[in-house]
Amino acid sequence: MTGYTAQDADNTAGEPGGRLSDSTRVEAFSDGVLAIAITLLVLDLHAPTSGHMLHQLLEQWPAYLAYLASFGYIGVIWVNHHQLFTRLAAVDLGLLWRNLALLLGTSVLPFPTAVLSSAFRNGSRSNELTASILYALIAGFMAATWLVLFHYLATHERLLARETPTSFFVQERRRALLGVLSYLIAIPVAALQPLASLVIICVLPVFYGFTSEGWGRKRTSGWPGTWP
Amino acid sequence: MTGYTAQDADNTAGEPGGRLSDSTRVEAFSDGVLAIAITLLVLDLHAPTSGHMLHQLLEQWPAYLAYLASFGYIGVIWVNHHQLFTRLAAVDLGLLWRNLALLLGTSVLPFPTAVLSSAFRNGSRSNELTASILYALIAGFMAATWLVLFHYLATHERLLARETPTSFFVQERRRALLGVLSYLIAIPVAALQPLASLVIICVLPVFYGFTSEGWGRKRTSGWPGTWP
Amino acid sequence: MTGYTAQDADNTAGEPGGRLSDSTRVEAFSDGVLAIAITLLVLDLHAPTSGHMLHQLLEQWPAYLAYLASFGYIGVIWVNHHQLFTRLAAVDLGLLWRNLALLLGTSVLPFPTAVLSSAFRNGSRSNELTASILYALIAGFMAATWLVLFHYLATHERLLARETPTSFFVQERRRALLGVLSYLIAIPVAALQPLASLVIICVLPVFYGFTSEGWGRKRTSGWPGTWP
Amino acid sequence: MTGYTAQDADNTAGEPGGRLSDSTRVEAFSDGVLAIAITLLVLDLHAPTSGHMLHQLLEQWPAYLAYLASFGYIGVIWVNHHQLFTRLAAVDLGLLWRNLALLLGTSVLPFPTAVLSSAFRNGSRSNELTASILYALIAGFMAATWLVLFHYLATHERLLARETPTSFFVQERRRALLGVLSYLIAIPVAALQPLASLVIICVLPVFYGFTSEGWGRKRTSGWPGTWP
């Protein structure tokens, strides 16, 4: 966006943190990964090939739920990622690696979601426990990658757009920390009652959807206040 | 396109609807989702591994039809999405969420298409009914996401390009409403005669293909008048 | 590239062929489709799960050949598409639809390639004939979409970059026509000798790779003259 | 980035190496291929459908390791590719073809990784040998495509950004040569001891991750020195 060229890059090569570059490509690559992750989900919905289709379609309901939940969560992550990058002026190598970790956490998310859906359809109580813990661990890792990214931005002012105060990412860091802690709490909760941990798991993406412009800022967006 | 920067964004943060931003990334993400959805369709075409190939290839004809129909429909949606965004100057959070709903409706479309193809190949009359209703419900949901999006644009003038009158999206809203109503009508029609509902299902994408520049405008494009 | 805005678009709305717009998005969407088609090919390579792996890996050789051939062909198509769009200044609806047809022909190509690979591994002479004809038909369709696209550009000068003479696409049209005719000839050749039609099928992408800057122009690119 | 237009392109058409063009599309296409390759990896992780899930999930550990290794390697390649293109001002046909070869080597990488993971889980010593050699051959080919690309850039100064000396890519060429040689050495090592070749295979991506800004330059980036 800000048009960092190789020349600017080399002018900044001596500074701590290394050469700066334009954020266009890291946004395009992230868009690609998130677009693929969100679109691949449909491969888990299978058309029945014969027999009583209505019955077979209805029996698949946990797969539909998992599809919607995964689509929603990756959608929320994309919106958060989009809003985050409107706050940046440039990227450096440190940011590229941290963004890659975030994409790892996000693109693997459909796997624990499928395990969860499978456990609550066919599984015993012990399978539900296993699946809930697996989900909480991976989602907690994903939340931790946001924490690491926000911490990096809170301490690397030169990457921020001129209008974004460093304090913005200090506050965002707290928002990510809440996610990490919530997923950690979901683990012992799952041992007591797997369904209760599901509630935590389902509420968090909704929270991040509502706070995608930053926590504690007056939310003025059209969602969902002015719906439709 | 219009180059909204973080600075412009913050200047607009206090306005109802929140910060504006450039539409580049939402277009790139949508292009990614639609490109993947349209390309994944080929995974449903299977090469026979042995036996009398000609016979096996010919027997797959409903899969080819479903492939072409899905490719055509997603292609039409992409062209409509493309033409829509040439009318916008900026995006806000409300638009991002509504666009995400539209992508959900579109990227799930190959699933009811596969069910429909399976039902008309192997199924009984009751399976054809099930598949037609499923398709009409999901395609109706997809049409409803366009309605919601056009309604949002008709009531948020600040997102529009200077040359686009608000009345443009008032008219577009009617075009989407026609889709929702047609898919709703396809449901009782399917109960009477599944093949008749198929006709409605096949005609609508063609209609949206022909009106991708907006309904009621003199269509001057080269398609298909000057074909080839 | 040329930065067509909604304003320019409306200024051109009355001209025959309709509103013009920037080519950025159609390039991004095409890049997405071609990138996915070329990358999905790897899903056809399967890791043996047990037994004598070396033997099983060697037995898969037609799959490797099909992989390389498909990768090469889609790669050639991308390079041709890339070079084509450096010649354009703007796009209109007519071009969008023709480009979509081209993407249809390209993204379906892995299917007849897999049939061909399967036929020459396991099939009888009649299966080889079936597979060769299927391939020639689909590749011929794909070549025909290039012909239609080049014809459109040869007759719509306002889409071309200022430095590109209309005569350029008149010549390109001949290059595409050669492809259509060659694939048509491959059909009766296959009936006589399937292997001979394979030669035609393999030579054509190489020809298009070498002439990606246009036929009859002095090729000055570094490939493959200055290899490596 | 540097905004090469068709006009600049034709002004350069007579020079050895042919017409120059903007690097935007080759970056977008490469981002697409790498984003898809890195995201498709999750399809190899399967949710158990019944039975003792914890046991079945734990048994899949080589698949998790292969997932992380492939994700990490493709991530490293993307960062290297990103940093490389910040050094370029334009692309020509010779670069497009060499970049395509690089994408071939990268997008096929998940296949030998899956073979390796399968061999070390179920295989005999001879299978481990087969899988290690296959991996070393393909990864060596991939490293060779970088060598060819760096050689091309070291000898085509007109493609480089003004601030990038030709000597930069002379040095990069050595970095790629080290990769080719290391993978070649891994082959006889595998014959003696498959696990020892695994060490070489695992260390190389880490090396390329740490030297993504170029070998021998004072690395000043935030990774991993300032972690987190």
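A, B, C and D are the chain letters, set down in written order, and residue numbers restart from 1 in every chain.
The rule is short, and it goes like this: a contact is a pair of C-beta atoms (placed from the backbone, for glycine too) under 8 Å apart; a residue touches a chain by one contact, two chains touch by 3 or more.
Computed from a prediction, not measured in an experiment: that's the story for all the values here.
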{"item": "Shared interface numbering between chain D and chain C [over half = same, under half = different]", "value": "different"}
{"item": "Angle of the C-alpha superposing rotation, chain B to chain C, to the nearest 5 degrees", "value": "90"}
{"item": "Separation of chain A from chain B, taking each centre as the mean of its C-alpha atoms, in whole Å", "value": "26"}
{"item": "Whole-Å gap between the CA centroids of chain A and chain C", "value": "36"}
{"item": "Multi-partner residues of chain C (at least 2 other chains)", "value": "28, 32, 35-36, 40, 43"}
{"item": "Residues of chain D defined as touching chain C within the complex", "value": "3, 5-7, 9-10, 13-19, 21-22, 25-26, 28-29, 32-33, 35-37, 40, 43, 92-97, 100, 103-104, 107-108, 110-111, 114-115, 117-119, 122-123, 126-127, 130-131, 134, 148, 151-152, 156"}
{"item": "For the chain C and chain D complex, residues of the former touching the latter", "value": "1-2, 27-28, 31-32, 34-36, 38-40, 42-43, 45, 47-50, 52-54, 57, 67, 71, 75, 78-79, 82-83, 85-89, 161-164, 212-213, 219-224, 226, 228"}
